[in-house]
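A, B, C and D label the chains in the order they appear, each numbered from 1.
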Amino acid sequence: MKKILNNPENYVPEMLAGLLAAHPNRLKSVAGDVHCIVRADSPIEGKVGIVTGGGSGHLPVFLGYVGRGMLDGCAVGDVFASPTIEQMYQTTKAVHGGAGVLHLFGNYGGDVMNFAGAADQASMEDNIEIATVLVADDVASAPADKASTRRGVAGMVYAFKIAGALAEERATLAQVKAIAEHALANTRSMGVALGPCIVPQVGKPTFTLGEDEMEIGMGIHGEQGVRRGKLQTANEIVDQLINPILEDIELSGSEVTVMLNSLGATPLEELYIMYGRLVEVLKQHNIRVYRPYIGRFATSMEMLGASLTVMKLDDELKRLLDAPASTPFFDHGQFV
Amino acid sequence: MAAQLHQAQVAALMASVADYMVSHKDELTALDAELGDGDLGRTIERGFNAIAEALRGELPADVGRLLYQLGKAFANAAPSSFGALFSAALMKGGMTMKDKASISLSDCAEATQVALDALIERGKSQLGNKTMLDAIAPALEAMRAALAQDGEVSSAAFFRAAAEGAQRGADETQHMQSQTGRASWQGERSIGKKDPGAQAIAMMFTAAALHLEAQGDAS
Amino acid sequence: MKKILNNPENYVPEMLAGLLAAHPNRLKSVAGDVHCIVRADSPIEGKVGIVTGGGSGHLPVFLGYVGRGMLDGCAVGDVFASPTIEQMYQTTKAVHGGAGVLHLFGNYGGDVMNFAGAADQASMEDNIEIATVLVADDVASAPADKASTRRGVAGMVYAFKIAGALAEERATLAQVKAIAEHALANTRSMGVALGPCIVPQVGKPTFTLGEDEMEIGMGIHGEQGVRRGKLQTANEIVDQLINPILEDIELSGSEVTVMLNSLGATPLEELYIMYGRLVEVLKQHNIRVYRPYIGRFATSMEMLGASLTVMKLDDELKRLLDAPASTPFFDHGQFV
Amino acid sequence: MAAQLHQAQVAALMASVADYMVSHKDELTALDAELGDGDLGRTIERGFNAIAEALRGELPADVGRLLYQLGKAFANAAPSSFGALFSAALMKGGMTMKDKASISLSDCAEATQVALDALIERGKSQLGNKTMLDAIAPALEAMRAALAQDGEVSSAAFFRAAAEGAQRGADETQHMQSQTGRASWQGERSIGKKDPGAQAIAMMFTAAALHLEAQGDAS
């Protein structure tokens, strides 16, 4: 296992300590637990708090998006493992500014069940109004008629951005929830894996692929995809990512934002090669691209592969996408 | 007199189960690697280590609060799907035995029923979806059958019956298509593989039966 | 070779086409050659142009830093290979706004000799005043008494930022050259490699390391480092990167900016673990950190490893570091 | 009459050299992998393919412009250290023979001297620093010696002598410590390894000798 670490057991707490040391003006931990990370200026009176949570190993997801215009807090689990109910609860409590809290996170069993427990506890013990929105954007994980069982992947970054922008404008909890749902209803993703990553405490690869194999549709923890086969060209891969998305949501004639995301090891160079093909295909379908995001937005440590996310835009989503945001990993525009 | 388990016996039994589970974790990792993300062994290890540690500390005098506390320890140590559900089961099941310093085997069956209901509520899943539920339900049935057949059944025999039921149920999951959790993303390809959570449940009952058999417990 | 590409021979031109398609408002190519990339608003009348160049495979270095407040242009070579004299010349010509052009690039033989040829041509044929500053920040590549032969690594990003900020203020060529030299005189880097990358046209790893080995001081193209040995802990690695730097430049009691840079595959999580140790060591030497940069700033495709760069700050460097910049890969602050 | 090489003969000779170099590129890659970054074979391949391609196109009638054009083709195709230097050598060396439709062997030696000087100027390196210079200098010496010994020396014998000199020089680089280019970053560890650029030069002269020998050229 070729990793720069001190002790697999301390991978996450040491990572969090480093993160807090690097961004003291932006982030703080609460309840004496580095796994409970919130904006340094939390709670913000009168603003809906947005809390996410999930396993580590996906930076910048999740906690890299805690900051102005995006998230208020993040409960951080061990690598690829849910945080605890207690951590979710403490994070929720710490960002509550009187306007309620949105739990916005990926559709993974452990997270779902633990957030349910945390929501119960926050509403029962502290009378905090909680709304919950699950991210389930990965078209590879279930057919359209079971869309609600899909897993959440990079599309969550768009949900963070859109919901975060509206919350920053002091919208109500119901409004923030509604816009998150609206953004996600218009968001689809699909990925491809070329090589595995290693969970530090496990010490061996999460899956194996032949020297010349790839898996289309594989999940970000190595969950099985839709098809394993010979490694194909960039153009063929892009086609296999975009086509299922185009079948799942009507996009012709519309404007979209796209995110081409490396799962970690795949270099930017290859994302740009993919992007060349992507715009070609989108053009064929009369789809215009607004503000492409190309880089590493949701990773699986050193996994080799990439994902594509498309969000269909309307005026409101465009306005919120353009709104300023400032977090350790996502900066654009300027707050006035 | 019908078999009873005292708080200390329950604690000893849970310690044995914890021990057994930790040493059998790799089997569960392998199953979860096939069907899920390969971390169930780690969940089991962390969760049961936390239980073992809690058992070495100060313990409530009644069985209900004991199980509740062990469930909470599991939840904080191993918050995966299985951890969230199993700990909820221990906590809710435990709550039915609050204030009891010793419990009967029908209390056990009753608690298992409550735990099963709690799991269904929290996990929003159903029997036949290829989950741990499919091991718990037949275990519960076997418990009820054992009690019905012989009101004086020993706790060892009672848990052996439950273990056999759970194992049968776990084995049955091989023929099911997963409808819940990350295994469901495999769709039809999940058929032919045993559900790791169900197998974990079967192993726990087996561990309990082995413990009681080793005690020569025929009370 | 597990890469997402169409044809190794087209790796770079397809990457560039994708990049131009993604950032049409920021970048354009000139002279009918996608290897000659300049700011979309080039040339800027009266502003010193800053041109860099070098091999591909290091994104965001080099061309990712072309934009307001940083670089004006970049001549792009094949993977790990120098661009041609002609490409450097065309890029230089295209950004010349009448105030001269600074050639600012890493100290690699091919680049040095080709930039010399391009500078000759630009001054002879077009009467453009050219200044040249080489980046030679890698302390692992030569002892202090041969510092000018050192290779250039991630420290060039600081040079781009500082020189770019001053050029944006319409300083003269001599001033821009002087501040670039000043920044670099205060900049040191050192890296560690844990695993190789693959040059697409070569198809096999650039070097091999045993399953449990690392190489301290290895260059970003796989050039030999100072020591190959067993993989060590994050803390030990950080010590071996920072100590040679502390021996090379007096930093006690001063304020620095640091860059912890992944060479590609090494995840952010591990950089934060390293950062935790780094601040500890710096504190022991009474060195304060201003604005840490933690991420992927200069990579070698999917190489596994990390580098550390330290730049000692004074008021002027701090001011220029804080100045706004806006490029496809580097955004901070806002232009007014 | 002293040996002369006409423009067409130079073109044919360069085509043979290009061919030989491309088919021997792997040896150079291996040397450069030891001492540098392993791309010299690729530089050679691209550069000489570009030369071969240029030779298939329209050619200037004089040897000087021919070599200048081939140098430029090499530079645009293979802009590495070796490429930048070798192409400069061809261009500057070529310029000394501008307007000559045919050249003598002492023109060759003269051009080599000019090329060597140009290399030193552009590369800011010196003899003994373990570079291609250390193959060119002894080749030049051998050329001069051959001319001095026998004013009527054949072009085949002349280039054979140069090739032997270059190869001796290239072999000698093994004992040197690199002072220039990326190999210098290896410091003392560079000792014992042959300089790839020097070996490339030796191979070019060898290829030229082989070509002329195969022509049975004893003019």
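Remarks
To be clear about the criterion, contacts are C-beta pairs under 8 Å (C-beta built on N, C-alpha and C of every residue); 3 or more make two chains touch, one makes a residue touch a chain.
Quick caveat: nothing in here was measured; it's all calculated off a predicted structure.
Taking each chain's centre as the mean of its CA atoms, D is the chain most distant from chain A. With each centre defined as the average position of its C-alpha atoms, the distance from chain B to chain C rounds to 57 Å. Computed from the mean C-alpha positions, the centre of chain B lies at a distance of 79 Å from the centre of chain D. Averaging C-alpha coordinates per chain places the centre of chain C 33 Å away from that of chain D. Within chain A, contacts with two or more other chains are made by no residue at all.
Multi-chain contact residues of chain B (touching two or more other chains): none found. If each chain is drawn as a node and touching chains are joined, the picture is a simple open line. This structure has the following touching chain pairs: A-B, A-C, C-D. Against chain C, in their complex, chain D makes its touches with residues 36-39, 42-43, 75-76, 78-81, 83-85, 88, 122-123, 180-182, 184-187, 189.
Contact residues of chain C toward chain A in the complex are 2-7, 11-12, 14-19, 21-22, 56-57, 59-60, 64, 192, 194-195, 211, 214, 231, 233-235, 237, 264-276, 279, 292, 294-296, 299, 301-302, 304, 306, 329, 331-334.
Listing the residues of chain C that touch chain D in their complex gives 77, 80-86, 108-110, 113-114, 116-117, 140-142, 149-151, 199, 201-202, 206, 219, 221-224.
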